[in-house]
């Protein structure tokens, strides 16, 4: 933290401009404790400080980071992970299996954060050797390694164990980290300065310094990119901006697949939405092509109305077909269901630029089928509140990261699932998902999960509109980024920034 | 005696333009004041007394105001031929103005010393310290007790009578040739009024200044003036030596005014009121302005405006009435 | 001398003020003490009589007037109308309100500029429901306007379309609308042009003669008060200095202040200019901290040490009353001065 | 003494009022801080635990009294979202907001007075008209539009000024001050633009009024030079109402800078409020409102002092 | 009296002075035109909905103000935006004025209420308006009605203050005393004397609060708290901002900004002109 007027830098020689990569972000870091903080902008910074076991490739497959190998036991009741031995905490101590065990067991014990809900199958984690961890599970869970590998940040045991409660530990100074960059200076509201770590395991970063600068407004961020004040816009560009910026020779855009999808959910507990024909009528009353082409300027792929999206090609079901935009059919279905003058309200987060764009399009196309949709563009907190309380007819939104279908479909569609906003309760679906979660390999999990996805499509438990193609812009002065899927990783992930270098 | 009169104004006209209409507030006023003389300018509200005073001082410089005169001389100096800067130099030194309402005329945020001293600083270019010393002198002169202590006080800290005295102090500070006092005592109590009038009169005697005293009070005019000019609807309708004019008014308006005053010594049952009301300055009848209210008015009064002409009787009597001779004859008979 | 009302002195007064006190405290933030506007005034007003009140600016004349009509509630003492107190519980009773009216100093500001003359004069009729219908009201307003010398066909005009004297007549018509027994006039002619003043003064005299209302006539012009009043009170700093029949107060003033006032008043007779006058020193003291003892002693040329300590009461001096320790001597001295 | 006591009491009352209004408003918002951090894996038990951690499970009245009690000790609580004290959050932001608003205020006054004088002395002339129209137009501008326009024109196109932020990272010592000023220009300019109109118009009206007063005529009658008449006699009086407005604005400006600070990525309190609403960070929100109310109280006090200096009627009674 | 009879009534005098002020007259005309646009919006342009093939087109003969990023006609948006913006502005200001009038007049006339009401007004004036509006708008959920109510809720203190200061000048006027002497009750005096007396200043308040309300509406909509089912100028700007097109597709921001500017400038100039015209002292 600095006070205006006081001298800024820690002194010494200033890095040349090309030694510094400046990234625009829209919000401050709220929590430096990676086990707690879950905002995207927090993660960009903490991901550079705390390693995860695995990262993802562009198809969503896990790739090594701290972990080099991982596997389940035959019976699926335990899993083993091997760690690399060349990672060090910034205070010189090595990163060992103890740290991994501490991180995961703390989360389990104190029961907080994103990870807690993903490790319900965990019984005990054991450090077999400094480079090997064994997870003992209470039941076979084929989603466990994917989840823990991707979501669990590894924190230094010797620092965090001193806190009486890790959950309350702010970790807001004197950071001990092990990523490619270490945080050296914070000017809240303005910027976060990170210095490269020499001897970072996977390879010393090329760039000396990474600076995150805070710009609450995207428009200002774009201006700053064009002005050369920042090199990368961390946030995904709104489609219209991406289209405009295509013509700017100084800006390059990386296309990043989204792991989530945009969708409409119908409250199946409400009449007449409990009738599948009505839901189908609604599904046929959406002009999917137009939404992708106009609202998203073509930066979106069809998911063929399946919750298994093309971003995860391993899982996708090529047989799935997208609902046609067919108002006549829609009317016919409504007539069959005996519903006339259908009038529904649709909630969405007004601050989400894409949804705010296509929500009126959904309304207008539904009108062609004689369905009235009243838009309720809400302030974010109200929207989340209403979603959790199932207080809506139609919910328009998008999932951010759905990286493991068996795990995610469980949360979203199983009876009582935390994010099962539409209140789907289908025993057949529950059984299929359970079966898929138990499977220890993709091959094994694929048939039940594809069956489940078909059920979801046919019953219109979820109406998938599209999978966005994210555009992340950076200055052409920089090159070498390693894009990974999702907004969370994109090109601001640790391995990518470690590889980034000045062009030419 | 070749000494020129202190003030000589010929055919002064002031016209305001408001809402696209012309308001001839002053319509041909002649004034002459000799050295050491007090001329009382009498007239009722809206007759143009203050406008005349401001016109003489050259204060009517706001847009929409036209001032014109055939001659304007201050102690022989031709005001018309002067530049604005030269006239400014005369204001406050050769001719000064005492306002009616001292509270609004004194600047509330400046100290008394500052406001009086400003005169010395502007006109004599003296230092701040000297100006202050002179201000204290002036305050003492007009009878403010403990002047040295009070010189740094602000207007609101003085009583009404003291404020008026401060205005008088400013008016006499540079020993001007002419003091114009615009109803200097109307806002004051009778007992205080007597004090202020006395003060002005004393200073006039000591300095030999000419005074133009504007008032609507026949009593006040009678108390201090040598000569009296009566104004009605933007014109002077009668002027002359005070005693003569009160004894033998040559204009029906003056006569009616005098008759309408209740007399302390003779409380009559009925006052002789003048019917009607004074005309609005924007709407003056073509002939004699007083004709609609005049009981002597004849046909000629309604069509022809009587000029202000010298009368045979008395010294320097003037009247603007077709019937003045008649009146004087009747009175003398 | 105005025609004297019938032998009034013995009859029960219409309006009686006893021991009136009124102070105003400044706003919440002002420091100094309260302004003691009226500090102990006793008065009686008899039917058909005119009581004149003179005094310098700020001596409490208007405050007294406002208390006499019930606009202001006295801090101490009370005003009674035919023996009934003004401030019963819950304000002034409506019938007393009707019987005591007021005419204000400034004819323009006392008439609402947004109302027509008809509405202004009809306001009391409406408030007291004195007219059965609109037609009757118009007729009554017309009568009232005629009574004060205005032509009824101008009743649909606005006050600013009238001259000062005419405006004051409108105010008088309004005061007459409820057929009051008492009209309190607070400087009703001070704001008028000198050529119009006499018209209004005459009107008052005539109205009183024909309608028999009792008038309280407040003014600072001694001559005007003398002209209309049967009895005159002289106020100084919130108290009555002298009270008595007009002829006596003016002819043989008993209080030094009355003498000074009479002597300082300018006389419209240039020939009398050289006469000797009593010049008071200094300004009237502030009503926030009136001097102890006799309030006039700070400016009085006759003041003795006793005057600074002991407050003189209003007591009979010959045929009238004065509040001065040296009242009798003063009265005789004045005769001497007049002889000079 | 009594006067000062009253002012203080009034200030405290203002603070209390702001605290109370915002306390309850904030708590009426739909959802709670826990839903704002909602993540797909949270369970109901977890939620309740979090609520209890934030002290949000107690009855509203108890929360309110707790809060007032803490406030008396100068404790604004911990931020829900950032695990640091609210005072830290705000104190980091406050200096920037002060720099921005005070500089905008100063520039406004420095420009506003001469423009007002010019308009008043040339009342109804074309100079007056031009000044009036410009002032009114500037006052009516919509901040975000202006912000983007200025940044595009002066930042991207002409490259005169940086885009967003408050100070350069590398600048030290004097260079830091320069860099700070450099970053200040655009946001300050927007604030000045929208405030200036009001100032000039008030100045103009009050000065025209003052110029018609008797004391101005007397000054002229004393032969005082026309310039002195305006600047010494009329202006001092006309400044009084303007001071009141300035005081009122200074207080509300801090809160009013929300849009400006957001658009220009300026790290001030206004932006913190905007962010805290989005995050339902009750303690920060409330703290910010307490701070703003305190700013208003302080501004009022400053106004009173300024009034005293300008108006001897206040000073000497 | 013939002389007095020809004098103009204050109202006529104000009117004649007002007519002479070209700025005021021009502003009045602009406002009338804007009101006409608002009322006749359906006749001028179809309601902007759906999407068009020509996305992000600069102004042309077909699309006077260009199109936005989903191909809607910006001109139509601005025309329909006039409706909502003005409706919110006017209804908010009417509401604020009713509240302000009641409170201001009560504070001026009933002395005992003055201090508490004065404190309330002062306190409300010292609250940070925009942040609070954000809070309340978030609380009530976005709709045109909410916006109007929220804006009114934070605009009345200003009106109350103006009304009070005017009313407080009327209360000591002798004509009020006269009404009391004549027997008028408090209610009578408030109704017959105070309210008519403060109406002229309220006239100024109406335009000023309206313009402030329009700006506030734009600000709230811009921050995403507007009504998504209708078009207001702020909504247009909000959508432009969300699409990140503020800096590139200038026409999507320029025209609604100009509309806001036009309305606010003309209301302000109108009130200035009206005030000048009412001030007879200086209208030479």
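Observations on the model:
Labels for the chains are A, B, C, D and E, by order of writing; each one numbers its residues from 1.
Rule of thumb we're sticking to: a residue touches a chain if its C-beta (ideal position, glycine included) is under 8 Å from a C-beta of that chain, and two chains touch if they have at least 3 such contacts.
These figures come from a predicted structure and were not determined experimentally.
Counting steps between touching chains, the shortest path from chain A to chain E takes 1. Within the contact network of the assembly, the step distance from chain A to chain D comes to 1. Any chain that touches chain C and also touches chain D is listed here: B, E. Centre-to-centre separation between chain D and chain E, using Cα means, comes to 23 Å.
Between the CA-based centres of chain C and chain E the separation comes to 49 Å, rounded to the whole angstrom. Taking each chain's centre as the average of its CA atoms, chain A and chain B sit 90 Å apart. We define each chain's centre as the mean of its Cα atoms; on that basis chain B and chain D are separated by 53 Å.
Shared interface positions of chain D, i.e. residues touching 2 or more other chains, are given as 29-30, 123, 148, 151-152, 156, 274, 317. Annotation for chain A: residues touching 2 or more other chains are 217, 219, 223, 226, 351, 381-382. Residue positions of chain C touching 2 or more other chains, listed in rising order: 28, 163, 166.
On chain B, the positions that touch chain D within their shared complex are 54, 57, 59, 61, 63, 88-93, 96-97, 99, 101, 104-111, 118-119, 122-123, 153-154, 156-157, 167, 170.
The touching residues of chain D, when paired with chain B in their complex, are 123-124, 213-215, 217-226, 228, 232-233, 236-237, 310-313, 316-317.
Here chain C touches chain B in the complex through residues 1-3, 56-57, 163-166, 193-199, 201-202, 205, 220, 222-224, 226-227, 246, 250, 260-262, 264-273, 277, 279-280, 283-284, 286, 299, going by the rule given at the top.
Against chain E, the residues of chain D that register as touching in their complex are 10, 13-14, 17-18, 21-22, 25-26, 28-30, 123, 129, 132-133, 136-137, 139-145, 148, 151-152, 156, 197, 201, 205, 208-209, 212, 248, 251-252, 254-256, 258-259, 270, 273-274, 277, 285, 288-289, 292-293, 296-297, 300.
Here chain D touches chain A in the complex through residues 29-31, 35-43, 46, 49, 53, 81-84, 88-89, 92-93, 95-96, 99, 147-148, 151-152, 155-156, 159, 162-173, 176-177, 180, 262-265, 267-268, 271-272, 274-275, 278-280, going by the rule given at the top.
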